[in-house]
Amino acid sequence: MTLQDTNTAAARAPHIGQAHRRQTARRHLAGRGRFVSDIVLPRMLHAAFVRSPMARGRIVEIDTRDAEQSPGVVRVFTARDLNPSCKPWTGTLDHFASMVSAPQNILAEEEVLWAGHPVAMVLARTRAEAEDACELVMLDIEEGEACVDGHAALSGDAPRAAPGLDSNLCFQTVLETMAVDAAFAGAAHVVEGDFTFGRHTAVTLEPRSVVADFDAASEQLTVHHGTQTPYQFQDIYARHFGLSESRVRVIAPDVGGSFGMKLHLYNEEMAAVAASLKLGRPVKFVADRLESFVSDIHARDHKVSARMALDAEGTILAMEVDDMTQIGAFSTYPRTSVAEGNQVVRLMGAPYRMPDYRGRLSVVFQNKVQTSQYRAVGHPIACAVTEALVDKAAARLGVDPFEIRARNVVPDDAYPFVSATGYSFEKLSHEACLAKLRDLMDYDALRAEQAALRERGIYRGIGIAPFVEITNPGAAFYGVGGARISAQDGAVVRLTPSGEVQCAISVTEQGQGTETIISQIVADQLGVAPEQVKVTTGDTDTTPSGGATWACRGAGIGGETALRAGRKLQGQILALAGQILQSDPADLALADGHVVDAQSGTRRMPLAEIGRIATYRPDTLPEAADNSLTAAEHFAPSGYPFDFTNGIQASLVEVDVETGIVRLLKHWVVEDCGRIINPLLVDEQIRGGVVQGLGPALFEECLYDETGQMTNASLADYLVPMACEMPDIVIGHVETPTNDTILGAKGVGEAGTAAAGVAALNAVNDALSPFKAEIRQTPMTPLRILAALGHV
Amino acid sequence: MTMDIELTVNGEHVRESVEPRMSLADFLRERLQLTGTHLGCEMGACGACLVLLGGKPVHACLVLAVQAAGETVETIEGLSESGAIADLQAAFHDRNALQCGFCTTGMMVNAHALLGDNPAPERAEIRDALSGNYCRCTGYEAIVDAIDATARKRASDVEAPA
Amino acid sequence: MKSPAFDYIRARSVAHALETYRSLDGEGVYLAGGHSVVPSLTLRLQAPAALIDLSGIDALTGISLDDGWLRIGAMTRHAEVAADPMIRDHAHLFHLAAPHVAHPAIRNRGTIGGSLSLADPASEFPAVALALRAEMEVAGHDGVRRVKADDFFLDIYETAMDPGEILQAILVPPVRAGDVAVFDELARRRGDYAMVGAAVQAMVDAGRVADISIAFFSVGNKPTRAGAAESALRGARLDDATIAAAQSALDADLDPSDEPQMPASVRRHLARVLLGRLLGHLGTTA
Amino acid sequence: MELEGTQELQADPQTVWAALFDRDVLERAIPGCETLEQTAETEFAATVKLKVGPVSARFKGGVELSDIVPLVSCTLSGKGSGGIAGFAKGAARVTLEDLGETTRLTYSADAAVGGKLASLGNRLIKSTAQKLAGEFFANFEAILAEQAEPAPVPEPAE
C-alpha cells in the first residue's frame, strides 16, 4: 500500500479505529437508563413462583385455595392452567447426531427435576403480595432419588434425571485423526492430568426480567424482555403460543448484562407470556437473586482427563482428551447444552501445529439447574487443559514456557491452516502475539524478581496462555441443526430530510458499545460524524430481522452489515446528487456532511440539501430518480464458517503458601481481533472478559450438596470477583483483519474470558512448583491450594 | 397497616403513606419513579442500590422507607441534576467506565461519597471503597481509573483555579 | 425477595421498647441498624408481627469515659467505631477491627450493639469484646445488669440475653500501660466472612508477655478465647519458641466443625498460621 | 451431612428405651416442639418452631421410630416442611449400651435441608444441625435425670 493509498483509506474511514466514547453511556451516568425491571404498565400484574425445594420428586398435590384468597392476588396458575397453551420445547439439534432431551413446558407437571423447578405461578398487584401468596400454596412432593454426580449418573442402575430417558447420556461424540495412537506410542514424553472445572453462573447484575403485554383487542403481544436476541424470542413466542409472528413484538431496552445467559428460553418468561395471553393484562416477572441462582443457566461443569504426546525436542505430537460435562435435567432450548462441550473438544490444542488428536465428549443429565452457553462457550476449558499440559511438558523438558510455545504455535506465515480437530484458520498471529507479550510484560525482569523474592519466602508465579477464539459464526453453529436462529443480520440506513442519518440494525446493545461502533462505521460510509448517526437496536418492530448479539458476531457481522447498508445508501445519495448536480456520481464522494468532488474534496452540496430536495421537492428531480434515501442490507458470512481470532494472556500471582490465598498482581493480554473499530471499547471488552475468566478461576462456584441442593445461592455466599481482588490489566494489540469481509473485523467479547483462568492457573502452579505441588481444579480455593501443598 | 412518612428526597419534600415492609429502594423506584436506584441482590451484597441517606452512602434495599422518615435522601437523579457529580460523570464517560449501566449509579454514589471523605485516595483505597460494589462488565479497572482521574483533576483545579 | 407484612414501632425509650416487646408476646423483633434483620425479612426467613426500632433511643447512643471505662452506646455505627478518637485510644481493638466488617456502606448503618446481640460466630466485634474483656450492659424488665463478655456469647446466635432484653452499651475496661492490640482475619475477599480471624489484646513488658487475651472468630459456634494459647504466652518472652508453643496449644482451644468447604483441620491450620502472624506482629508493635 | 454424638445417661437401658418411645418425653426433648401428636405406635405428627439467629421458621411434619431392636437400637427420624423456607429432615441411628447403672447413648445421624434453607444456610447449617441434635439429647438426658430423682425440693433463695 502506498502512502497515498493509506491517506485515502484514512480519509475514507476517519472514524473506524478511533476511540469514540459511547453516547448512550450518558443516560446511565445520570440514572436515566431504562431497563425492563423499570417498566411499569397500566393494570400490570406481578408474578412470583412457587418452586420445588427438592432436586427430584413427584408432585402429589398442589393446593392453591388459600393462596387465591390472599390479598392482592388475581390468579394462581399451575401446569394444568398454563401448559396446554404452549407447545412443548425440546433442546435438541439435528447436527448433534442422536442427542436426546426430554420435552419441557412452562410449569412442572408431574415431576420436579431440580431444586428451583417452578411449580406454580402467583399473579398479584405487587410482588410482595405475590410472595405472600406463594407462602400459602401447599405443595406436597414425594421426594425421589436425584442424579447429582455425572459419573454416577452414567452407571446403568442410576435413576434417570428426567422422565422418558433411556439413560442419562444426552450426547456423545468422538473426533479423532488416524495416527493418534501411533503418536502416543512413539512419543518421547507424555504428560497428563485430570481436571475439574466447577459450575458457575452469569450473575448479571440486572436479573432476568420480562414484561409480557397481550392486547386481546388487537391480538398484539408485546414482550419487553431483557435479552440479547429479540428476533429469536419473537419466533419462539409466535410458534409456541400459536400466534402470528407479525403480531409478536419483542423489545429489548437497556439490558443489565447478559453474557449469553439471556438468550436461552426459561420457564418463567414463557409463564409470563402465557399468563398475559390468558388474562389480557401486562405481566411482569423480575427474578430475584435467589431465583436467579436456581433458574438462570449455569455454565461449565466439566471433568476432563487429558494427555499430550511430545517428541524429544518438545514438539507436540498429539492430544487425547475425554470431557464429561454435566448439564442438568434438560438440554436448553433453542441452542442445546451440547455446544459447550462440542467446543471444548474442538478447541483443544488450537494454537498448535499438533497433527493428531482424539477427543471424546460425554454430555450427561443430572438433577441440577441446566447449564448452557455462557461467555466464551467451551473456550476456557479447552484452553485450560491444553495450556496446563503445555506447561507440564515445559517443566518436564526443562524448557521455558515461552520457548515451548514458540516451538509449537502455528507459524504466522503458515496460513491458511487446518487444525487436528478440523477447524480452518484463515490467518492468525501467534508468533507476533508471543513476541509482543514478552516485551509488554518485561518477562525476563519478572523472572528475575520472582527468583529474588523466592529467596525471601515469597512465592510468585507467572503463567502464560495463548488462545484461539471462534467469532463471526455463520449458520454452521445452529442453523444447520434446524434451529430458527438467524445467522444473518440486517440494517436499514436512511438519510433524514435534514441530512442526518438513522440506522436500525438487528444486532443489540448490552453495554459493549454496539451502537457506537455501528455509528462509526455508518458515519464513515456517509461522510458524517458518528454523533449524527442515530442507531436503533433491540426492537423487532423497528429493526430488521437478524441474529443479534452472541458468539462475538456484533462487530464482525453486524458491523459488516452496517457497512454494506451504508455503502448502498452512499450509492443512492451519490446517484441522486449526480442528477441534481448534473455530475457523474463516480466523480462525487461524501465527506463532512457534504457531497464533495471526489478528486479535490471541494464541497458541492450539503447532505441536508439532498434530504430537503428528496423529501419536500421531489417534483424538481428528474423522472425515475430514486428519492428513497433508505437502504437495507442483510449480510451473512459466506467464506469461512467462523472467523478465528487469537491472542495470549499472562498472569502474575502471589500465593500465600501458608493460607492458600492467591493474590492476582497483574494481568496482560495481547489480542488480535482483526480490524479494531474502537480501541476504547475493545480494551474494555477484554478487561471485562478477563475478570469473567478470573472469577471462576479463583472464586465462583455453584456448590451443591449430595442431595442436589445448591448451597450458596446468594451473593453473600457465591463469590463474584470484586474490585479489591482483581488486578490491573495491560493490553496490547496485533491486527490481522479477516479478508472474509470488507470491514475486516472479528469478535473480541470472549477473548478475555477464554484464557484468563488458565493464565492464573499456570501462574499458581508456577508459584507452587518449589513445593512440587500442583492444582488442577477451579476455582482454586484456599482449601484446594492447601490440599495441593499437603497441609490438609 | 400503612404509615405516613415525610422525608426530603433530592431536595423535594415528600409525603407518602407506605407499608412498613416497603424498602427505601422500592419506595424510591415505585413511589417516586426514581428508577436510577437499582436492585441487584436485595441483601446488601452488590451495591447497585446505594443512595445517600443523611449524606452517607447506604443500601436502599436494607433500609425500610419508614426508617428514612424525617431524613434526607439523595439519589443518582438528584446528584446528577444538581451538577454535584458532573466531573465524575465526565470521567466515567471518557474512560468508558461502564458498560450495561446497571451498577453504574451505585458506583457513582459511592465514588462521590469517597471523594468527599478522601479527596486524594490511592488506587488501593479506591478499590477498597468499591469493595461492596459489584460490576460484571468492566473488570473494575476503568472505574478505578475514572475515580482516580476525577480526584486528580479536582486537586489540580484547586491548585490552579481557572 | 420482598418482606412479609409487619408493623413498625419506633421506640421512644428503653422502657418503651421493653414494654412493646412484651406486648407482642414473642412476635416482636428489635431493629438496630437493620442490616441483619432486614435481609432476613426480605428473604422471608422470619415473619415477626412487628419491628421495634431502637434508633431513636438516646440512651443507646454516645461514647463516653467513666472512671477509665469506655462506654460505647449500642447504636454506635460501625463507621463511627472506626473513626471515633475515643474508641481509637481506649478500645483500640474495635478501631482495628471495624474496617474489616463488611463494606463501607454497610458500616454506615450497622451498629456495634446489633452485631454483638446477633452473635454471628463469624463476626469480628464479638471476638473483640472477648479479647478486651468488655462487659455488656443489658436492660430488661428487672433493670440493668452487666454481663462479662466471657459469659455473654453462648452458642450460634445465642447470647446470655433473655428474649426481649436489650443491649444498651459495651463497657471496655481501662487501658493499662503497655497495652497493645493486634487484629487480623483471613478472608477470601475483602469484607467476606472470615475463614478465620482473631483479636489479641496484650500487655508486653520488656519483651515479655505480662498479660494477653486472644479471641478467635469463625472457628466454632461462638467467638472463642484461646485459653491454652494464652497460658503458653503469659509470662513468656515473645520469641519463636513461645509462638510455636502457643500455636500448638490452640488445638486444645478450638473446636471448629467439619464442613464440606472447610474441614476442621484446615480451620485449625489457618488459626495457627494467623496466630503466628499476629504474635509476630505483636512483637514488632509492642 | 453427618452428625454424631455420645451421651451418658443416668438411667438403665430399660428406662432410656421407654423414654425414647414416650410422646411426652419426645415433645419436651425436641427443640422448639410446639405440638406432638401420636398417630401410630411409633409415629408422631409434629409442629416445631425453630429460631436460630435471624432465621425463624415453623416446620410441620412427622417423627418416626423404626428399625427397632428392643433395648439396643432404633432409628429416630424426622421430616418437616417449613413452607417457603424449605424443608429439613434427618434420621438418627440411636444405639444404647448397658453400663449397669447408666446407659451410653450413641447417635449417628444423617440430616439434610432443602429449598431456601439449603440455598442460604450453607455457612452455618452444619453447626446448627449439630447444635439442635445436641440439644435434643441434652434435653433427653435432663428429662431422664428428672424422672430418676424424686421431685426436687426448691432450695431456699440465698
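So that you can tell them apart, the chains are marked A, B, C and D in the order they are listed, and the count of residues begins at 1 in each.
The rule is simple: contacts are C-beta pairs under 8 Å (C-beta built on N, C-alpha and C of every residue); 3 or more make two chains touch, one makes a residue touch a chain.
Owing to the predicted nature of the structure, the values given are computational and were not obtained by experimental measurement.
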item	value
Most remote chain, CA-based centroid, reference being subunit B	D
Gap in Å, rounded to a whole number, between the CA centres of subunit D and subunit C	31
Length of the line joining the C-alpha centres of subunit A and subunit B, rounded to whole Å	29
For subunit B paired with subunit D, centre-to-centre distance based on mean C-alpha positions, whole Å	49
Overlap residues in subunit A, where contacts from two or more other chains coincide	128, 131, 135, 288-290, 703, 705, 714, 716, 722, 724
Shared-contact residues (touching 2 or more other chains) in subunit C	1-5, 39, 43-44, 189-191, 193, 260-261
Where subunit B touches two or more other chains, by residue	19, 21, 42-43, 128, 131-132
All pairs of touching chains, each written as two labels joined by a dash	A-B, A-C, A-D, B-C, C-D
Interfacial residue positions of subunit B with respect to subunit C in the complex	1, 3, 19-21, 23, 26, 42-44, 47, 50, 53, 56-59, 61-64, 66-67, 110, 113-114, 128-129, 131-132
Footprint of subunit A on subunit B - complex, ascending	19, 21-22, 29-30, 34-43, 45-46, 48, 75-77, 80-81, 89, 92-94, 96, 98-105, 108, 126-128, 130-144
Interfacial residue positions of subunit C with respect to subunit D in the complex	36-37, 39-40, 43-48, 118-122, 155-157, 193, 220-221, 257-261
For the subunit C and subunit B complex, residues of the former touching the latter	1-8, 31, 34-35, 38-39, 41-43, 51, 53, 55, 79, 102-106, 108-109, 189-191
Of subunit A, residues touching subunit D in the complex	50-51, 53-55, 115, 131, 134-135, 290, 293-294, 703, 705, 707, 709-714, 716-717
